[in-house]
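Chain nomenclature is as follows: A, B, C, D, E and F, assigned in order of appearance, with residue numbering initiated at 1 for each chain independently.
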Amino acid sequence: MMSSKYGIASRLKSKRIQKLISSGKRADGRGFDEYRQITIKTNVLEKAEGSAEVFIGNTRVLVGVKIGVGTPFEDTPGEGVLVCNAEFVPIASPFFEPGPPDENSIELARIVDRGLRSAGVVDFSKLDLIPGKLVHVINIDIYILNYDGNLIDASAFAAIAALRTSVKPVYEVKEGEVKPTGVKEKLEVLKTPIAVTMVKIGNSLLVDPSADEEEVMETRITVTLEDEGNICTIQKSGSEPLSFDEIKKAVNIAKVKASEIRSKIAGGEG
Amino acid sequence: MTPKKVKEEFLRVDGRAWDELRPLKIESGVLSNADGSAYIEMGKNKIIVGVFGPREVHPKHLSKPHTGVLRCRYHMAPFSTDPRRSPAPSRRDTEITMVMRYALEPAIFLERYPRSSIDIYAEVLQADGGTRCATITASSVALVDAGIPMRDLVAACSTGKYNGRIILDLGDYEDKNGEADVPIAYMPKLEQITLLQMDGILTAEEFEQCISLSIEGCKKIYEVQREAIKKKYVVEKSEKEIEKAEEFIEESRVEDEQ
Amino acid sequence: MMSSKYGIASRLKSKRIQKLISSGKRADGRGFDEYRQITIKTNVLEKAEGSAEVFIGNTRVLVGVKIGVGTPFEDTPGEGVLVCNAEFVPIASPFFEPGPPDENSIELARIVDRGLRSAGVVDFSKLDLIPGKLVHVINIDIYILNYDGNLIDASAFAAIAALRTSVKPVYEVKEGEVKPTGVKEKLEVLKTPIAVTMVKIGNSLLVDPSADEEEVMETRITVTLEDEGNICTIQKSGSEPLSFDEIKKAVNIAKVKASEIRSKIAGGEG
Amino acid sequence: MTPKKVKEEFLRVDGRAWDELRPLKIESGVLSNADGSAYIEMGKNKIIVGVFGPREVHPKHLSKPHTGVLRCRYHMAPFSTDPRRSPAPSRRDTEITMVMRYALEPAIFLERYPRSSIDIYAEVLQADGGTRCATITASSVALVDAGIPMRDLVAACSTGKYNGRIILDLGDYEDKNGEADVPIAYMPKLEQITLLQMDGILTAEEFEQCISLSIEGCKKIYEVQREAIKKKYVVEKSEKEIEKAEEFIEESRVEDEQ
Amino acid sequence: MMSSKYGIASRLKSKRIQKLISSGKRADGRGFDEYRQITIKTNVLEKAEGSAEVFIGNTRVLVGVKIGVGTPFEDTPGEGVLVCNAEFVPIASPFFEPGPPDENSIELARIVDRGLRSAGVVDFSKLDLIPGKLVHVINIDIYILNYDGNLIDASAFAAIAALRTSVKPVYEVKEGEVKPTGVKEKLEVLKTPIAVTMVKIGNSLLVDPSADEEEVMETRITVTLEDEGNICTIQKSGSEPLSFDEIKKAVNIAKVKASEIRSKIAGGEG
Amino acid sequence: MTPKKVKEEFLRVDGRAWDELRPLKIESGVLSNADGSAYIEMGKNKIIVGVFGPREVHPKHLSKPHTGVLRCRYHMAPFSTDPRRSPAPSRRDTEITMVMRYALEPAIFLERYPRSSIDIYAEVLQADGGTRCATITASSVALVDAGIPMRDLVAACSTGKYNGRIILDLGDYEDKNGEADVPIAYMPKLEQITLLQMDGILTAEEFEQCISLSIEGCKKIYEVQREAIKKKYVVEKSEKEIEKAEEFIEESRVEDEQ
């Protein structure tokens, strides 16, 4: 998918990568199921209610969480609102251009959003203020600072890490109006969903694809798992199909990687 | 791997068995201006698809020198949902447009149409859960109606979990109140999955059951697709062409393998 | 008008059509004041409050009516709101492109809208809920499914046919808030305006132009008449002028055709 | 067919007789950067029109090889109405822009300007009912001011029904509270109608009365247009050129007929 | 700045203007610190709450002031709102195109806006109706009718002249709702800020640049002064720097010109 | 003209002296995909800047045959302010983008890059008053990091009046509650001002004091900029290259003057 937008790999480069992979190797020496170095920093911003910055190799994603007051969705009047948004800002790649979200940034935001929602990271029914009128609104803004592949996992890690450190402003409700009290309390986060993205190149599944690998990939699959090891979101992308067996294999790989990474994120806090 | 098919007492909100599809109707060649078209009713879903192409790409810079491009649009009519929705495309529409393209692309010999595009426009006239799957199912038929050779038909349906049970082809109510939803698109002859999404909570075992059940569902849908293609030929074409139609998909694939 | 957008007729084709017409004939054998086959289906959608599908020859238009709650216009605080919108969706013609409404779809929606409004199809003063705050909003969405000329008449027929079968949700008003009761009642429709569109080619006026005729037409006139035979909307379009006599002739033709068609639409219901 | 012109007692909200135009003032050549321009006051309507061209078309793909294109824009200033309106064009603006183009096109020899455009931009500075007609009237004068030969001037005004009576040139109040409104544009020499719209309820007879009365109105407006064109020449040009101006429209038409 | 958008001056023309200026002259014979003829007409519109038309040479700007009711900004709940907007309508120049505001019209509106705001032209705290909910909203719409340079000064003069003649609708506040009384009272305007714009060509500062001078200018500076001679807004634009001394010189020139012009605007009223 | 620098008792809301900058940190080369980049913290401002170019211009019609073009974007992250702001650019963003371009353009030899563009993208991750100045300061460093020769570094900071006193480098609170704000950008070696804006109320004397004080501030910032450039070289390059880096700006200017 990324290939169409982020520059076409030359045939030579493409062949080289494919040949390497068919001989069981990756350009940077990693194993097929090996992530690059993952670094997670939380509370990197003072003005946001929560924040985290995630580095996976040279990929760098910043997430800021803002929690405010707004109106609920029409069909869930008594529940808080969570909105994910992703910005592919032009500093991140010579191929990113300023402008409104395109197909790729919308897909990214929706995968992260669906992962959080399916896992049940927050209890939305506890986020109402005046039912049907005012509720807490959690805005998760994903900011891509440097692109070197696997934006989905980096964004998903940053989003949940930021949420886990978020505080929620406390409001006083009085005569149909809300007033900020100035106090903030910890946001209760119930789950830590972890996204694991793989690409298929030749007949191999590779986790944590680099930008080069995304350029030559045939298809991509992201499996998000919650704390108990249940699957909570899957997204297949890319123009090649997958067999049932390949999907099963991908789920198995994801299960292993997710629990490794979850301990990193859950452990990364004070 | 396939789920137990023991007939159970259990009945769903609309009276269906757990592994039963909603009433399904597909009609081919329903629009005179499109190169190919199809209309699908799946439950209360009503979706119409028009295919244009292969044709010149506008604007030109979107064309590719060595292959054709597939362009899709999934769009919901303002009156298709309750409450009314804006005709401007939502983020969900954009995402579905994308997965719809990926679901159909593997079935088309795009490399045969350099500098050209095949455009598939789907209009959801009434939405009742599972619109993306019904759209993909109808699009396959519309592509054949447009005379575009295909590696295989793509059939799609979702399986999910509702009230603790794995069930086939979720309706709107089951979709909104269920525990999980797994839409898949499947090429029955090639045994390949071209669309796979999942939301909710499932164990790995339940997830595999869902896929198996969806594949069964897709096979049934595939028969309805073939009927729709045949029926069109019966009405419009000679006996000889009907045979041709029947072998159409088969041939295309063989051609591909040579 | 359509010519600029929907493909230019070749000079040859254009000459052929014009020659045919100057000899008193139309390409499909119709008389100049003859409509193609008109088919009207109502209640074709379950989720809309009203719906109708109209076929005029190969032209096919679907109209869905949604009735909800919204705020009134500033200058008519005690009246309900009616909004017409037309979508030229790309399945209808190889020359239609996805995107926001253009000049042609806006004109179409406005002619239908003005026809309904001028005829007084509904009593807007009976459509208020909380005067100045909440009123019934009737959304008429015109969906062009296949284009073969005369979209205006097909859309106008479908709009009034859909309205005539519409139901209106009943709300309970209590302490400045409205609550749906779940009950729906028939929308009272007072009039059945009928639009009759003609084009001028050479010196002739032709009703119900086909796509080919619209490509070579010089000018177009739509006359909408209400039940008592009064004119309620006129719209002239296209780059050629009309004489006073031609206009009078057009009105006379429209009067005859409108009453024929009205009985079809009014009769088409249970 | 022409309405009875018996003088009646009946007076309108602003004191006018039933067949009386509002005070009308047209000025030509009011903008130094436009190729041609005009300013019109008709009642409290205040509208300024600028004409550019014939000139090269940008972007190029909008040009036509065998004829010129006429491009128009009807736009209302945010402060022209009560309450303030957004400067973004409304659907009504788009429709008026379209009928404005159709109303003026028949008067221009577009076929003389292949690959070129003539652009007419109208800015409504204050709106008082009948802005589309006043805009068309002013645009004609601005076109002549730009030196563009014309088949005829286009004059426009509306007639309508208010309180049961057919009256000429509806003001804002009569427009909003009346029973019907018939804006027309007319080429007096060619006796042709180039704009015709109607809203409200009228019998066929009343409608014909409206057109007849509008035509009378347009003829009066035509005289004011000619004066505006002449006056411009008196101020700026030599005696000889004034004569030319007087014959300008006449000549253009003759030229066309040859 | 204008050069990039409004047509590039030919090298010849550019050289001619620069040579003239280096010899101490301007093309139209003005002194470097001399404005073209300034004409100010107020109350030129009946439907706006205030209006003024300003001519500076061939530059012509119309400003309409509309005063209505709206919601306050979140951070100033008890204060009225003032919004400036500028439209570069296409009648004003063959180089202006229809469309949403671009960089130049946004800068223009903001300079005028900042000048009015910094000077404190109105007491916003007196413009509230229901604190936190409804306040008076003053919309200043700048309409460029003809462009011949120095739009900033013409717009700023027209804006303050229009404000000075504005009336404010009086509302009755009752039970949390406002009702217009039909009465209008004079808007209290406390200050008369005057913008003075200069361009640097060669080593000279020229006030009131014409369109030709703006095409060849290197940089532009606008100094706005209020009634007591204090500076209230400065904006430097254009790709060349200025020295501290040049800035001081510009401020001195502006001080002199501003008080001359202020008496014209303040005196131009009944 | 320079303000009296007598040390006073007066302390500001954050404890700073009247002529004291906020804590300032600049880091160079922080983004691997950009040709040059810099990160700045000035008080609680956190801004990251990426530079791309000189490179081909897209779309081509924006390129110029005889010179390069400088394109800038000042953009604020939705989470950079309280409350959250929309990621769509505001009118203020558009104005700052414009003055940012004017502030940096004089320092770049654009005429050396015909048909090319240099693109500077700034993302404000956290805003704390004075973001436009911090952005310009960081952009200079990022330009050097991209290897683009410069006439001089551009350093920027604002001075203002708060509670009757002229103070350097206003924080968010002082900005919003003060009497005046004068952001300037300065090229210390060339002694030229490239950004100058002012809002509030100041006498001419106070205004001159502000500029003098800002210039002093810019000179201090300039030292931090030079350090950031040097440090990058220390980490990444050989000793010899460090020397080069130190003389980089000097050389570029000399080159220019020849």
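Keep in mind that, in the parts below, a residue touches a chain if its C-beta (ideal position, glycine included) is under 8 Å from a C-beta of that chain, and two chains touch if they have at least 3 such contacts.
Just so we're clear, the structure is a prediction, and the values are computed from it rather than from any experiment.
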Joint neighbours of chain E and chain C, given as chain labels: D
Minimum number of chain-to-chain contact steps, chain A to chain C: 2
Far-end chain from chain C, centres as C-alpha averages: F
Identity of the chain that, by mean CA position, is farthest from chain A: D
Separation of mean Cα positions, chain D and chain C [Å, integer]: 28
Centroid spacing, where centroids are CA-atom means, of chain B and chain E in whole angstrom: 59
Computed distance of Cα centres, chain C from chain B, in Å: 33
Multi-chain contact residues (two or more partners), chain B: 83
Multi-partner residues of chain C (each touching 2 or more other chains): none
Touch-based graph of the chains, sorted into line, ring, star, complete or other: ring
Going from chain A towards chain B, every chain in order around the ring: A, B, C, D, E, F
Sites on chain A touched by chain F in the complex: 45-48, 51, 58, 60, 62, 64-66, 68, 85, 87, 89-94, 98, 100, 139, 141, 143, 145-148
Touching residues on chain C, where the partner in the complex is chain D: 1, 74, 101, 103, 106-107, 109-110, 114, 117-120, 219, 221, 226, 229-244, 247-248, 251-252, 255
Chain E contact footprint on chain F (complex, rising order): 1, 83, 91-92, 94-95, 97-99, 102, 105-106, 180, 182, 187, 190-204, 207-208, 211-212, 215
Interfacial residue positions of chain D with respect to chain E in the complex: 31-34, 37, 44, 46, 48-50, 52, 55, 73, 75, 77-84, 87-88, 119, 121, 123, 125-128
